[in-house]
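Labels run A, B, C, D and E following the written order; every chain starts at residue 1.
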Amino acid sequence: MDIATIVGMILGSFLILWSIAMGGLDKLMIFWNLPSVLIVIGGAIASVMVAYPLKAILMSLKYGMISVSHDEYSPQAAIEQIVSLAETARREGLLALENRMEEITDPFLAGGIRMAVDGMSPEVVEAIMNTEIDAVNGRHNYGRSVIANYGKYAPAFGMIGTLIGLVLMLADLDPETIGSGMAVALLTTLYGAVASNLFLLPMADKMGFVNDFEMQVMEITLKGVVSIQAGENPRVVKQKLMTYIAPADRPAEEEEGA
Amino acid sequence: MDIATIVGMILGSFLILWSIAMGGLDKLMIFWNLPSVLIVIGGAIASVMVAYPLKAILMSLKYGMISVSHDEYSPQAAIEQIVSLAETARREGLLALENRMEEITDPFLAGGIRMAVDGMSPEVVEAIMNTEIDAVNGRHNYGRSVIANYGKYAPAFGMIGTLIGLVLMLADLDPETIGSGMAVALLTTLYGAVASNLFLLPMADKMGFVNDFEMQVMEITLKGVVSIQAGENPRVVKQKLMTYIAPADRPAEEEEGA
Amino acid sequence: MDIATIVGMILGSFLILWSIAMGGLDKLMIFWNLPSVLIVIGGAIASVMVAYPLKAILMSLKYGMISVSHDEYSPQAAIEQIVSLAETARREGLLALENRMEEITDPFLAGGIRMAVDGMSPEVVEAIMNTEIDAVNGRHNYGRSVIANYGKYAPAFGMIGTLIGLVLMLADLDPETIGSGMAVALLTTLYGAVASNLFLLPMADKMGFVNDFEMQVMEITLKGVVSIQAGENPRVVKQKLMTYIAPADRPAEEEEGA
Amino acid sequence: MDIATIVGMILGSFLILWSIAMGGLDKLMIFWNLPSVLIVIGGAIASVMVAYPLKAILMSLKYGMISVSHDEYSPQAAIEQIVSLAETARREGLLALENRMEEITDPFLAGGIRMAVDGMSPEVVEAIMNTEIDAVNGRHNYGRSVIANYGKYAPAFGMIGTLIGLVLMLADLDPETIGSGMAVALLTTLYGAVASNLFLLPMADKMGFVNDFEMQVMEITLKGVVSIQAGENPRVVKQKLMTYIAPADRPAEEEEGA
Amino acid sequence: MDIATIVGMILGSFLILWSIAMGGLDKLMIFWNLPSVLIVIGGAIASVMVAYPLKAILMSLKYGMISVSHDEYSPQAAIEQIVSLAETARREGLLALENRMEEITDPFLAGGIRMAVDGMSPEVVEAIMNTEIDAVNGRHNYGRSVIANYGKYAPAFGMIGTLIGLVLMLADLDPETIGSGMAVALLTTLYGAVASNLFLLPMADKMGFVNDFEMQVMEITLKGVVSIQAGENPRVVKQKLMTYIAPADRPAEEEEGA
């Protein structure tokens, strides 16, 4: 998935630079203005700082990374592992899962199995896992709202920068420099529009899709742990969990089994 | 249905070209600018790539096709076939439907009848068919959101292209070329507005209507399979399913039967 | 009700024409431009065609008419007729309503009474009437969304027309004609704004109010038919149905009866 | 409450006039243009007439008045009166309330007590009072939507007026009058912005708060009448009704009683 | 938390001033215009006064302060104190909590414990505490809407100020002063944009987060008081309340205990 995000950013940036450079490579320098960059990016950060606690600002970069680098943990793989654990539990008892703890890499699944092995009551296990799901969902939505707010305030500061540039230019109207003055003034609006439309808003959308995906895997994991603890038939466990997956994405053998 | 979508696109495009060509056919060339086309379309694709996985981008064209080419599978035809199957099931038993499997062209209905014939429990059949309905609905909404996002980012890149053109023009202010410079700069805004308002946003709306329609047919099919499996009287099955259809769309005989 | 809609359209149009003609009647001709009219109206129709099936386009005019010409069928009159039918049913039995079928002009009430007389079960009568209410509501909302979409795309094509005009003017910059060129270019924006704000969007709102009103009358009719079929006391029927009407709109005697 | 609304309108108007008059009192005349006033106000009225029945237009002024002149009927006073009535009812029976009817000024409470004294069943009393609450709520929201629509269409006609002015000015471009022409053209946009942002939209918000407040008092009154009819202990009635009031607004003695 | 809000405001203001002062410190004076400040701030206050009662206006400053200075009362500390109280209640009985009243600083917890000690029924305690939670939530949302409305009307008056400035400048077109006239006119738009995007809207968002946080602590406190009154095992109380806290924020020992 990450490939598309990175490729999209590079493609969009390249298109913008290419359309500028068409009239000559020297034109590119016209579009670089450090103060304009600082007021758009710095201003957006300032506004987000007013709205969020310091911790959220410091984690912005991490939040942004989620949109480009989530791991390809598939629901099918999760189901397979859960069914395999269900078989062990059915054959050798719940406590036999103790020996398979090391092979479970997903900490959410590992935590659920651990609680089951430790003999906690099914209601408590389900409640604790649900709280964890809600907490992960809350954290993801929070991170997404931070990025979406950068995307909302960047164009606002783009406009603020342009207004400042226009006032400076108009207050000291000089026919010689009016053109270049307005050109510089417009740069902040351009920066704000690109930052928001090519990077920040699509990244926030991507974070939403990544969250939807992880929520589904966690939901499957929760149902799986509950089924294992209830000692359900592995075949039934598989059938139940497979309903979470669109038929088109199901492996071939499953359809025969249905 | 598809006729209106295609006719609308052609009519709108023709009106725009005609209003340009009114002042002379040579004016049309003023409105063609390849870099402007590339930045609007390429930029919108780039932003959608940042937000969606690669697969969604590759399927964009297919998604778009849905809005112009969905098949005219009518709810009335679906009800008729289901009632006919219900009669066979009632007269000769559920297993007799085995012989009628080939005449069922709708894979969703075929799958439901197959499960009923195979003796799966009614609850499981209903659950699996509901999962399928949700999955189709989810896929359709996902595809629609891709097209709607193209419609959102195309005007944004139209504005970005115009800003780039204005900065280039203003940085090198030449009274001779100021007019044609601004004309070219405005073209991207024009392209973005046409792409979004004549093509992308209405197509996304159309995909929503197509989905509503298919969801209704699937809902009817689900209720029909459940009724057949329960061995209900074909007359009752028909009466039940007909309530899904607006009275104005019902065939004449049904009203008498009511 | 229709009077206000027509008067509003005439008043608004007159105000616009008057404000133009203030500087001389000859000014009015400046504001007439056939290509501009065609691109705004034709463009809006084209976009709506892309989103809706052909049938919806052909019925646009009929949909629009609803906003200016719905009949003044009052809830009070409906209640009176239902109570009178309830008295007949109570005194002479349900079948006696057969003789009063001709005096019922509302097809929805007539259909309900017909089903009751035919001896259909109360649950089926209620279900069929509810389906009919949903269908009418769905049709009205669909028609309203068509008009609202015209109101959404008209200003978009107003802007597209203005952009085309600006590009044409700028590409061939002539100090002599720059003013009249821009004047013509702005006309499409003006047309789009008037079409949307004076006609289309308020008409869509009006259709919503007309629908709310009809839904209320249908709701009253449904409850009335159910009460008649249950053989309820006409006084109780009246009291029940009157709760749907705001006290201020209730006839005087009712308040005494309460 | 009304004081703030009136003071706000005067303060805002004064600020606008003062900022104009700073450059000389004669500048004020530049900002007065009768045709501009007529197109903004008349146009907004015309659009609202298209959407609403004539009665709503005629009552606009009355609706507007609600936002500046609602009476200060407090929930605490309502609770006190209800508790006092509950004491009488408990001591001397429901019928004894007959003698206290004249002292009840709130018609909603009076109507409820009258129905209780007349011996109507509690369910019917509650149903009738609930219908009345819904009707008042509906009327208020309806009135608010009328004012909010004026606030939506006033800026639209401000823009329409400015477009007309620009077209007139551009069609007859005269360097001498271009400035004053554009100044007049911009006035309608200014009028629309002030009418909407200083008067209409805040008034619509205010009507919402007034409605929230009255709904709360009516809710308390309904619960009170139900409690009185049920012959509940006046102390319990008070405790129940007080939970509707924020602790900070409760009289001191109540907190001790809790 | 407050640090980020203050730092953000200072950072944003500094960036804006720095980008102005880059061309010379004397440029800063161009951006100061008292009438412009008064029309933007005064106008926003006037519009908010029209919509809200006087009390809300007078408390605006207090509302604003909430966004920068809420106390760091942590859920963990609340849980610890509740568990400690639960231990006392379990060991020595509910009445023993009487002696620990002074050490409870949170008035909401103190009120709940006081009601439990006074022997009020659990249902009444829960109802009263829930009313209090709703009231605090309502007050916070009300305060937030006041600040958000300032943020909505400030840019509107920025535009109104700019329109006034443009009309004044255009009515008296003088090539010498046109530049500085437009510069001053644009200042109100700039002020409105900065006030809204750097201060008011992010502050309103912050108030929402602060409210979410306090609601969570109050919810935990309510559940804690209910558990204490029910005489639950302190370990169970702790386990229950800890589910409200994200695992990452839980103290280390808790995880072992789970």
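As a working rule, contacts are C-beta pairs under 8 Å (C-beta built on N, C-alpha and C of every residue); 3 or more make two chains touch, one makes a residue touch a chain.
Owing to the predicted nature of the structure, the values given are computational and were not obtained by experimental measurement.
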item	value
Chain labels contacting chain A and also chain C	B
Smallest count of steps, each to a touching chain, taking chain B to chain D	2
Superposing rotation of chain B relative to chain E, computed on C-alpha atoms, to nearest 5°	145
Interface composition of copies chain C and chain D: same or different, split at half	different
Chain centre separation in whole Å, for chain D relative to chain A (CA means)	44
Chain A and chain E, separation of their C-alpha mean positions in angstrom	27
Residue list for chain B, restricted to those that touch at least two other chains	none
Touch-based graph of the chains, sorted into line, ring, star, complete or other	ring
Sequence of touching chains round the ring, chain C onward through chain D	C, D, E, A, B
Residues on chain C engaged by chain D in the complex (per definition of touch)	1, 3-5, 7-9, 11-12, 15-16, 18-20, 22-23, 27, 30-31, 67, 178-180, 182-183, 186-187, 189-190, 193-194, 197-199, 201-203, 205-206, 209, 239, 243-244, 246-248, 258
Residue ranges of chain E touching chain D (in the complex, touch as defined)	35, 38-39, 42-43, 45-54, 56-57, 115, 127-128, 131-132, 135, 138-139, 149, 153, 156-157, 159-161, 163-164, 166-168, 170-173
